[in-house]
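The structure follows.
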Amino acid sequence: MLKNLYDTDCVTWSPQGKLFQVDYAMEAVKLGSICLGLRSDENVVLCSLKRSQQDFATFQDKIFKVDSRLGMAMSGLTADARLLCKYLRNECLSHKYTYNSPHPVQRLVQKVSEKSQHKTQSYGKRPYGVGLLVAGYDQAGPHLYETCPDGNHYEYVAHSIGARSQSARTYLENNAHLFSGCALDTLLLHALKALKSAVQEEKEYFYSLYF
Amino acid sequence: MLKNLYDTDCVTWSPQGKLFQVDYAMEAVKLGSICLGLRSDENVVLCSLKRSQQDFATFQDKIFKVDSRLGMAMSGLTADARLLCKYLRNECLSHKYTYNSPHPVQRLVQKVSEKSQHKTQSYGKRPYGVGLLVAGYDQAGPHLYETCPDGNHYEYVAHSIGARSQSARTYLENNAHLFSGCALDTLLLHALKALKSAVQEEKEYFYSLYF
Amino acid sequence: MLKNLYDTDCVTWSPQGKLFQVDYAMEAVKLGSICLGLRSDENVVLCSLKRSQQDFATFQDKIFKVDSRLGMAMSGLTADARLLCKYLRNECLSHKYTYNSPHPVQRLVQKVSEKSQHKTQSYGKRPYGVGLLVAGYDQAGPHLYETCPDGNHYEYVAHSIGARSQSARTYLENNAHLFSGCALDTLLLHALKALKSAVQEEKEYFYSLYF
Amino acid sequence: MLKNLYDTDCVTWSPQGKLFQVDYAMEAVKLGSICLGLRSDENVVLCSLKRSQQDFATFQDKIFKVDSRLGMAMSGLTADARLLCKYLRNECLSHKYTYNSPHPVQRLVQKVSEKSQHKTQSYGKRPYGVGLLVAGYDQAGPHLYETCPDGNHYEYVAHSIGARSQSARTYLENNAHLFSGCALDTLLLHALKALKSAVQEEKEYFYSLYF
Amino acid sequence: MLKNLYDTDCVTWSPQGKLFQVDYAMEAVKLGSICLGLRSDENVVLCSLKRSQQDFATFQDKIFKVDSRLGMAMSGLTADARLLCKYLRNECLSHKYTYNSPHPVQRLVQKVSEKSQHKTQSYGKRPYGVGLLVAGYDQAGPHLYETCPDGNHYEYVAHSIGARSQSARTYLENNAHLFSGCALDTLLLHALKALKSAVQEEKEYFYSLYF
Amino acid sequence: MLKNLYDTDCVTWSPQGKLFQVDYAMEAVKLGSICLGLRSDENVVLCSLKRSQQDFATFQDKIFKVDSRLGMAMSGLTADARLLCKYLRNECLSHKYTYNSPHPVQRLVQKVSEKSQHKTQSYGKRPYGVGLLVAGYDQAGPHLYETCPDGNHYEYVAHSIGARSQSARTYLENNAHLFSGCALDTLLLHALKALKSAVQEEKEYFYSLYF
Amino acid sequence: MLKNLYDTDCVTWSPQGKLFQVDYAMEAVKLGSICLGLRSDENVVLCSLKRSQQDFATFQDKIFKVDSRLGMAMSGLTADARLLCKYLRNECLSHKYTYNSPHPVQRLVQKVSEKSQHKTQSYGKRPYGVGLLVAGYDQAGPHLYETCPDGNHYEYVAHSIGARSQSARTYLENNAHLFSGCALDTLLLHALKALKSAVQEEKEYFYSLYF
């Protein structure tokens, strides 16, 4: 009950040194449908479920192409993801225009993190309710990053976020040692298998790939 | 009871990772009178009930013409819909003025979504209380989109929103396989039948069409 | 009791998708003294009660002349009505100055609606507490509009708002079929009869007319 | 008890369509000491009690001269009245400077009303706690207006506001038919008699006059 | 208990038409140490207690010289008084610079009142917690004014504010008839006697004079 | 319990005319470690405890040099003190740059007081949680001032603030009569003795001196 | 229970003179993983645990290089640390650009403290939830500073912050007398031993060094 005193505002610390609103925004990510990514030494693959509101609706995209060699998958609030995607696209474009070279992936992820951190320290704003898996390819090879509503980002060999992502993660962990030398189609196979381990009753998969 | 602690403000996350204010705004859409849309390969039709405050009042428009080949039907707060309609008209005009071509439908719908998302992340604002069915025709043929107060949009072959829209939706789902090759008048007939299935006691229909 | 959690702020949705503050502002209109309007094919008439604070006070105007061929009657907070009237006058003047033609009536009513809608979506403001009957004459002939605190407007053949307006409305509904071809003085007679049906004990009427 | 939910903020409507904060500000007027005004066809007179904090203090002015032919009496918060008086003086001066003619009385009263209305529609402000009797003389002859905290104004032949103003009002009502042709001194006599009827135990009167 | 609903904010009226926060600020004046002022036809004297925090501290000034012929004594929050004193000094200087004449005393007092009134009508500010006795000499002779946190000011022949000021006031009232023709030293004697009547146990007096 | 209604906000007066938040900020001063100052006719000495977080940490400064002949000791929040110290240094520098002379001590102290007062009258700010002892030397000789969170300042011959400062104050009071003619080293000795009387168990002293 | 009244806002003092929100932010530092630093006369070493979200994720940096001879380790919210790190890097760059010399370490630490203090005195912001160990080398040799959310900073010979940092601190205290003359590799050994004393079950260490 006492917890409730500290959890309606992202600028209020709890006595234990927690920001509950940020934790709750992390929960929103877990409510979204699953998406996952994995990379070999040469390729990186993003994969998400293709879901639709209704039978005769078109499918809702959960994977967005950001740049020619950069993409993101999302879990959580789609509207927030679109906003961040638009931000990423603008950053890429303005980088290309200024330096005539693709935006380094890590820098881009850092910019999303800074934007997210800002939302956790201002009254009257709310943390983003979306987690991203950002996959890209630059001079250092393929990358797979996760960004969180709390402003953190992590680099992964393989990762999965969203509802029921634990079983996909288990699959990925068990097979992570196999990925590094994989060809693209084997990598895709792993992605689909991991996705399938999380959702047995659904019938359709969607994948999108970057390398 | 605990729910109430998180649901008066659209910048407060619930512990489960929900934004209740956004959900409540979605309810406002369900309270509005029904409207529906469906499309064939060549045509797209919007259809809504013609209702009046009183017997001798003129009818209140629920369908707005946005551009020569673009229209929208609404369910929820009419005043919010007018505001969004005005915004759409301005965007179309400024696009026409700048590029001398009609505004692509999807881009326009994205702009409404961005505007809606913004209202869900700022203290002292409220999410829009209106859902739109946007119908338009561009180089890619006819389109039917739905926009929601939470900043999402979906593309449909046929869709219905507002009070008692479920029965119309059932009719549309059952007949969705017939629409693609329909001529315009058959499509209109389907629209009126779907509308009728939702409202039996009302006596007057209103339809408007775009192709 | 739960209702009270959502009704002190016009940017808070109730779980049922209602904005209670807007509904309450609609109640303020019902507390004002009655006014009504009706139109034939050629004329439009506004009519309100002449009331005074005290016996030896001058009468308080409830009908305002906006432009040479445009007027409004009000029910609710007089101070809010004056503010809107001033706004309408300014719009008319600036339109006349810019285009050298009278402001189209519907456009003017839409501007009031937009202004009203804006007050329902910003924290720290309140919806206007006044309903207007706007009567005007332009190229399309005479018009009678109602504007509401929630940002809606409706066109009517005949309408009445304010306290005990129901009985006037009943009279108007019963006789609505007679109005279209009426001469101005017959129309005035109908207006006075409708007003009388609502207030039997009051002794004085005030009318004002536009055509 | 429920009333208390809606009465601490002037931008919150009660479910009955009332703004309680505005009503409470009206109460502040009734707590002030009495002042009254009356007019004949040629003259207008303001009259208020001369009261002092202590025996050896100078008397506190409740009547302010605004312009050469314009004055105001007040009831309620003196500090608010001073502020409004200063505003009126500035308006008169700037009108005189711009048009080289005295400010029409009604327009001036309208400006006070607009200023008062504004305070009833913004969060973080409070309605003025003062009622004014504005007496002035312009081309249309003498005028007597009352302005209220809610942004309304009324024109009167004779009126009285403040604590125990009812008995003065009774006197004025009973004798209102005599005022129109009165000479200035008879008018003053009526004013003093009306004031006396309200306060029997006080010993000193103050009057100020304009014509 | 109900009172508490209206008394934490200076922009909230109580149902009785009171601003409690302003009243509470008036209480702060009564908590300050006593100061008093009195004037004859030629002179005006301010007098306050010399108190110190500790034995070996210097005495804290409660009387401030504002201009060559203008001073003020204070009761309440010293920090607020300093702020107002600084404001008065600036006003005097700028007046002298602009008009090459001393600032009229009453105008100066009015400016303090306006500044105080402003603090009673804005959310997020608080009324000043200090009462001033302003003594000055201009073309109209000596003046003694009191300014209050509520934005009022009064002129006095003799007045006393602060803790236990009632007994000093009793002395001053009883002897007020003697002051008008007094020489300066007799006036000082009266001031000291009045002060002494309020504080018997204190041993040191401080006086400051203006004429 | 009722007290709690008025003590979370520095712009809310209690019914007794108190600003509790300011009082609470005064408490923060009492929680800081002790510092003291004393002056003779020629010298002024500041003295504070040298404390460290841990055994192998460097000592935290509680005495700051502001200008060549000006220093301050603090008790309370160190971070607030640093901020004020930086402000003082800037003021001294800009005074020196403008007038080519050291900043008069009292004026400087007044500036701190004004800054502190400002924090007690604005919503959304908090009073500083630090008390300063400002020691300086100017044309009028050595000075020792105390500034408080409430915006007051006092001049002292000798003073001590912070936790357990009462016993140091007792020592200083008992020996205050000896200070005026003291040489600097005797003065230092008194300072150390006073400090020792307050803290018996601590083993290290720190002193800093100005003259 | 009463405590809760004062601890949701960093601009509210508790009656004991505490700012609880600042204390709670200090708790956030204790929740972070451990990091430590120590210095000899010639070298300074920072050391933190290498932890990863998952087995196949890359390690998350807790030590950031700021400048060629300046680095920082962090404990608490990583996102806040990144923000401060970026700030430090910018300050260093702009100093280098302006003065063509490295930024003095202490000045840099002071700037972080000022930034932190600012967050403790403004409504609608929150104190940073991160503690930093800043290690650097300038003309005065190697330095090790700690900055806290409350705006304080301390210089240390050796220090450790974060979860279970007490045992590391014990090791450092016991061996602090050995550090001053240490060679770099002995210093590193001490750092690793101290780290190991805090975490026995973890298997991997990460260190980074500056001199």
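To keep things simple, chains are lettered A, B, C, D, E, F and G as they appear, and every chain counts its residues starting from 1.
Heads up, the rule we're going with is that a residue touches a chain if its C-beta (ideal position, glycine included) is under 8 Å from a C-beta of that chain, and two chains touch if they have at least 3 such contacts.
Keep in mind that this is a model prediction, so the values were computed, not measured.
Q: Return the chains common to the contact lists of chain E and chain G.
A: Output, common partners of chain E and chain G: F.
Q: Just curious, how far off is chain D from chain C if you go by their C-alpha centres, in Å?
A: Chain centroid spacing, chain C to chain D, equals 30 Å.
Q: Counting in whole Å, what is the centre-to-centre distance of chain A and chain F, each centre being its mean C-alpha position?
A: 53
Q: With centres defined as the mean C-alpha position, give me the chain B-chain F separation in Å.
A: Chain centroid spacing, chain B to chain F, equals 66 Å.
Q: Multi-chain contacts only, two chains or more: what residues does chain F have there?
A: Residues 9-10, 123-124 of chain F each touch two or more of the other chains.
Q: With chains as vertices and touches as edges, which is it: line, ring, star, complete or other?
A: Ring.
Q: Can you name the chains in ring order, beginning at chain F and moving first to chain G?
A: Start: chain F; next: chain G; complete ring order: F, G, A, B, C, D, E.
Q: Quick check on the complex: what are the chain F residues that touch chain G?
A: For chain F paired with chain G, touching residues are 4, 7-10, 20-21, 24-31, 52-58, 60, 76-80, 82-83, 86, 119, 123-127, 129.
Q: In the complex formed with chain D, which residues of chain E make contact?
A: Of all residues in chain E, those touching chain D are 2, 5-6, 9-19, 110, 113-114, 116-117, 120-124, 150-152, 154-159, 169, 172-173, 176.
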